[in-house]
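Here the structure comes first, spelled out in structure tokens, and everything after it is commentary.
Labels run A, B and C following the written order; every chain starts at residue 1.
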Amino acid sequence: MTGFVVRRLAQMVVVLFAVSVLTFAIFNVIPNGDPAARMAGKSPTESQIEAIRAEWGFDEPLPVQYVRTMEQVLGGSAISYFTQLNVREEILRGLPRTLSLAIGAAILWMAFGVALGLLGAMRAGRASDRLITFVALVGVSLPVFWLGALLSHYLGFKAGWFPNGGYVPLTEDPLGWAYHLVLPCATLAVLFIGFYSRVLRSSVLDTMGEDYVRTARAKGLGERQVLLRHVLRNSLIPIVTLWGLDFGAVVAGGAILTEVVFDLQGVGQYAAESVGQLDVPPVLAVTLFGAFFIVVANTIVDIAYAALDPRIRVT
Amino acid sequence: MGQSPWRLALRRLRRDRVALVFGALFVVLVLAALAAPLWASAVADRAPDRTNETGKIEVDGRQVDVVSLDGVPIGPQWRGEYFLGADANGRDVMVRLLYGARNSLLIGLAAALLTALLATMVGLVAGYFGGWVDAVARSTLDVIWAFPVILLGVALGTALAVGGLRIGPLELEAGSMAISIVVIAVVYVPYMARPIRGEVLALREREFVEAAHAQGAGPLRTMASELLPNLTSTIVVFAPLMVANAVLLEAALSFLGVGVVPPDPSWGNMIDSGVESMITAPHLAIAPGLMLVLTVLALNVFGDGVRDAFDPRSSAAWGTRRL
Amino acid sequence: MSEPLLSVRDLSVAFEGERGRLQAVDGVSFDLAPGEVLALVGESGSGKSVTALTLMGLLAARDARIAGSARYGDGELIGASEGELRKLRGEQLAMVFQDPLSSLNPVVRVADQVAEQILAHRDVSRQQARERAIALLSRVGIPEPEQRADAYPHELSGGMRQRVMIAMALSCEPRILIADEPTTALDVTVQAQILALIRALRAETGAGVLLITHDFGVVAELADRVAVMHAGRIVEHGPVEDVFERPESAHTRRLLAAVPRLDGPLREPRVGDEAPVLALEDVEVGFPVGRRLLRRGGERRRAVDGVTLSIAPGETVGLVGESGSGKSTLARAAVRLLEPTAGSVTFAGRDITRARRRELVPLRAELQIVFQDPYGSLNPRKTARDIVGLPLRLSGLPKAEVGPRVEELLERVGLEPAHADRWPHELSGGQRQRVGIARALALSPRLVVLDEPVSALDVSVQAQILELLDDLQRDLGLAYLFISHDLRVVRQVSDRVAVMRGGRLVELAPAADLYARPQHPYTAELLAAVPVARPVRGRAGTRS
């Protein structure tokens, strides 16, 4: 077990290193990406650009720049090229917003996804199953940014049932916090509900065909017990692992579109805005932060998988 | 002549009427996109980027501003010109929608094709050879996987949109659609390559692969003529869903301003500009959004039918969504 | 005979499938008395398992049409409500399935799986149910039941798992035990133990046992009465001695004649004194233990551990062993699908131990292998023509000559030209194995390694394939390395027999000597575990 954790941690560090180099390269190896020219504003003189270049160290070799930027990013002293704001503080400001959104949505999509998937599997082949399937497919076909815009316009702006975007900290006003998060969470969850219900449905149907489910029936167990203890217990394993991965991905930038549409000012929105300006330090920081979340989620999922399924024991 | 596994699957698919209807819907959408110039010249008589900020048209016998003085464009009309209304610059929304469909569908189809190609190659080679080849392939996929999809798309899109890309003979101009295609294709490779690799690993354990080796077949022949035919159903099952994902990601990137560059229309950038005028002219966001939903839904329903027909026990393709 | 427990009359089951109606069970009638063992015996597809599942009300297919009657006590099982059946299942009628690994829930501890059934039918506390479960585990012969109680199924051996299944079935003292191929997935020594256990429990509990099996050996060991099934019907029904001694139906006679026996005729040895075609010298195959990364040269598990064996032209060497004995690994090393970690492999006088793939290509024609699983060894996406044609194309035969040669080969193994364009899923198990043999024969080999070539086949098909292999050997002068877990089959086909255990050869002798006078205790143990060919009176308790 310790060996497994050590190995995973080493793997994690390697992957994160690769991600950081790649991100840095994307913005620096590409032609016309000279940040000094862009920071100097419109129609700068050559000497202005030179000055900026020297001040920020853009004239140094790339590996040196990479190491320095990474030192700043990891040390928390990195500063945006454009807004001159401290990157770490910006991320810390956005994090509770992104986490609130992700946690709320994850709970919604797991609950509804499992309920719909189970219902579909139990009614497999009947009209109600086909209806659920269709609804799920509509769900996975709705672009988040479009759905969000429509919901916030019609339910928020026109009907006035929900606030039209924005965020209220939990510590200031718990009710307002929840109230502001209803639409964003629902919007983000729709897509996942759709495809979790599909995954669970086929997973349950697969499990129902297993020999041990027939054994459970042969033992004279009630249908409820067969379903909960033998079918669901096994078919939830893939869903739970998926859940971990998706939660990591959502925190790590999967919620960008939702944040932008509802103007939540989370980490994702910060990243999207920084990327638009080719602002390397925040992009590097957010990408690393996101990759870190995804890799951690992957690792936790691997461990959880071993805990849920005794056949896979980590050595 | 016997019944090939292919023919059995196609027969099952033929019986799935819902899937066929939605498959046909997708074909209709593609045809509509192809017919965009026809509609522009014969029905609407307006080019997609022809503005008309001060013109008037006749509605119910009255002359109406295409764009009113306070900047509100007219909505959908029962007539060829401005069938779906105008946008803030007086351009014909229907015409732009059809031309946008060309861009969105071209990018989606090409990106999905490229993803399938890359993923199959990577999965096949990694799974077959195992060892260090597999280790290298897997860690590369892990790195791409670790990037948040949209963030990676946006970053690559932004960077390339400024400078274009030059790798040896391959040259992508700044602002070209090829950039979107490559970005989207690369982003989705791990989602398809991983299950294919897994399947190759399972197939390698089957005795027919050993049998081929026992006949003296080398790696290339084993991969191409023993393994690949057994991967086709997986690839076929993935294909419609990959196209749907690619179309959605293209729309998202264009929505964020890093895909198709205006004034060239795509559904994503039309929604982006439409959302800004949601209050005065909701049709500008709703129309391209509906087209997008319809396209993706058609592909998803058809894809679900394909999955049922070809590989009923696989739910792997549903793990691909990380928007 | 006492009042029957179960009385089945005119039971019929039909499935409506994609390809029309399939009559799986067709007017089956029988009675089961308390304390007796009735064997339903038949080949695959004869309807015996469907019959058992129908009686339990466990037939999963929704499009099954069931007719007829099955009376249990005062009640009727066919058409009973799910609620009524649920009360009977596990309580009055219990079932043991074929594959204990897939039939046990992989994520629930074994004692909990047993206790669950007790809780479903008895008004006891969790603690009492658990205690009773552990007592049952002990009763079915699981050592240290307290410790094993908290194990997961995959942590137990195959035999232990089947004991857990039996403990589960017995947990509420059922009146009827249905055992569906209870020993088919087990090694022969374990099979003997499980059969002894069922025999003892039957005597102890007085339950009626309905035994479903394809194996006449198991029938002879256990059954009081036999019903032989064929194509959904019972073609013969009677006391076990009568059926074995005086079979009335032609089908039964054919089946009995096809069963390989330990007391059947031996074949004439065909060993010349020519140089061996294949010689294995101290062959060792090791697999690294644990993860490979950074542990190169570390600890290895030796699947094959110093095996020396040679095969003369035209000779058949039988290789027997239980699962995990390393016999399949040895087969792969012999044809160089695997590279031995030590020792040498000499084929036709050439050392091929370290030969590279390209160097082996010309030898592949003469050194061939036929695999066990006639489905897994054929590419499901290729027609028989392509499969048999592969070695021909690889050898560089002109395209125009491949077709006729393929048809010639298919004819040689007893297939019709029409079979050439079929896909594997359209062929029966026996036909598939014939295609596999045709592929191996394509380039006129000198030695064919047969890795469990008939284990997945029904006994009548098995006999046909064995006969085909014998014909081919006579006509083409082939040498065979014949690998099997079935000592009866090996005895019938081999000149010499090698016994493997834990990667080592424990005994190698001419067939006649080995079976008559086994030198190694393990060989003797294996031979003692083989089910008898004929029922023996008063056998209860003769084995343990």
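In the analysis below, a contact is a pair of C-beta atoms (placed from the backbone, for glycine too) under 8 Å apart; a residue touches a chain by one contact, two chains touch by 3 or more.
Please read these numbers as outputs of a predicted model, since none were measured by experiment.
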Compared with subunit A, which chain's mean CA position is the farthest off? C
So which one's got more C-beta contacts, A-B or B-C? A-B
Suppose each chain is reduced to the average of its Cα coordinates; what separation in Å results between subunit B and subunit C? 49
Inter-chain centre distance, subunit A versus subunit B - centres from mean C-alpha coordinates, in Å: 21
Quick one: which bits of subunit A touch subunit B in the complex? Just the residue numbers, please. 11, 14-16, 18-19, 22-23, 26-27, 30-33, 130, 133-134, 137-138, 140-146, 149-150, 153, 157, 191-192, 195, 198-199, 202-203, 206, 238, 242, 246, 249, 252-254, 256-257, 260-261, 268, 271-272, 275-276, 278, 283, 286-287, 290-291, 294-295, 298
What part of subunit B is in contact with subunit A in the complex they form? 18, 139, 142-143, 145-151, 154-156, 158-160, 162-166, 174, 244, 248, 251-252, 255-258, 271, 275, 278-279, 282, 285-286, 289, 292-293, 296-297, 300-301, 304, 313-315, 318-319, 321-323
Taking the complex as given, what residues does subunit C use to touch subunit B? 293, 332, 335, 337, 357, 360-361, 364, 368-369, 371-373, 376-383, 390-391, 394, 421-423, 425-426, 436, 439
Per the touch rule, the subunit B residues reaching subunit C in their complex are 1-5, 135, 206-208, 210-218, 221, 226, 229-230, 232
In the complex formed with subunit A, which residues of subunit C make contact? 56, 58, 60, 82, 86-91, 94-95, 97, 99, 102-108, 116-117, 120-121, 152, 154-155, 165, 168, 290-291
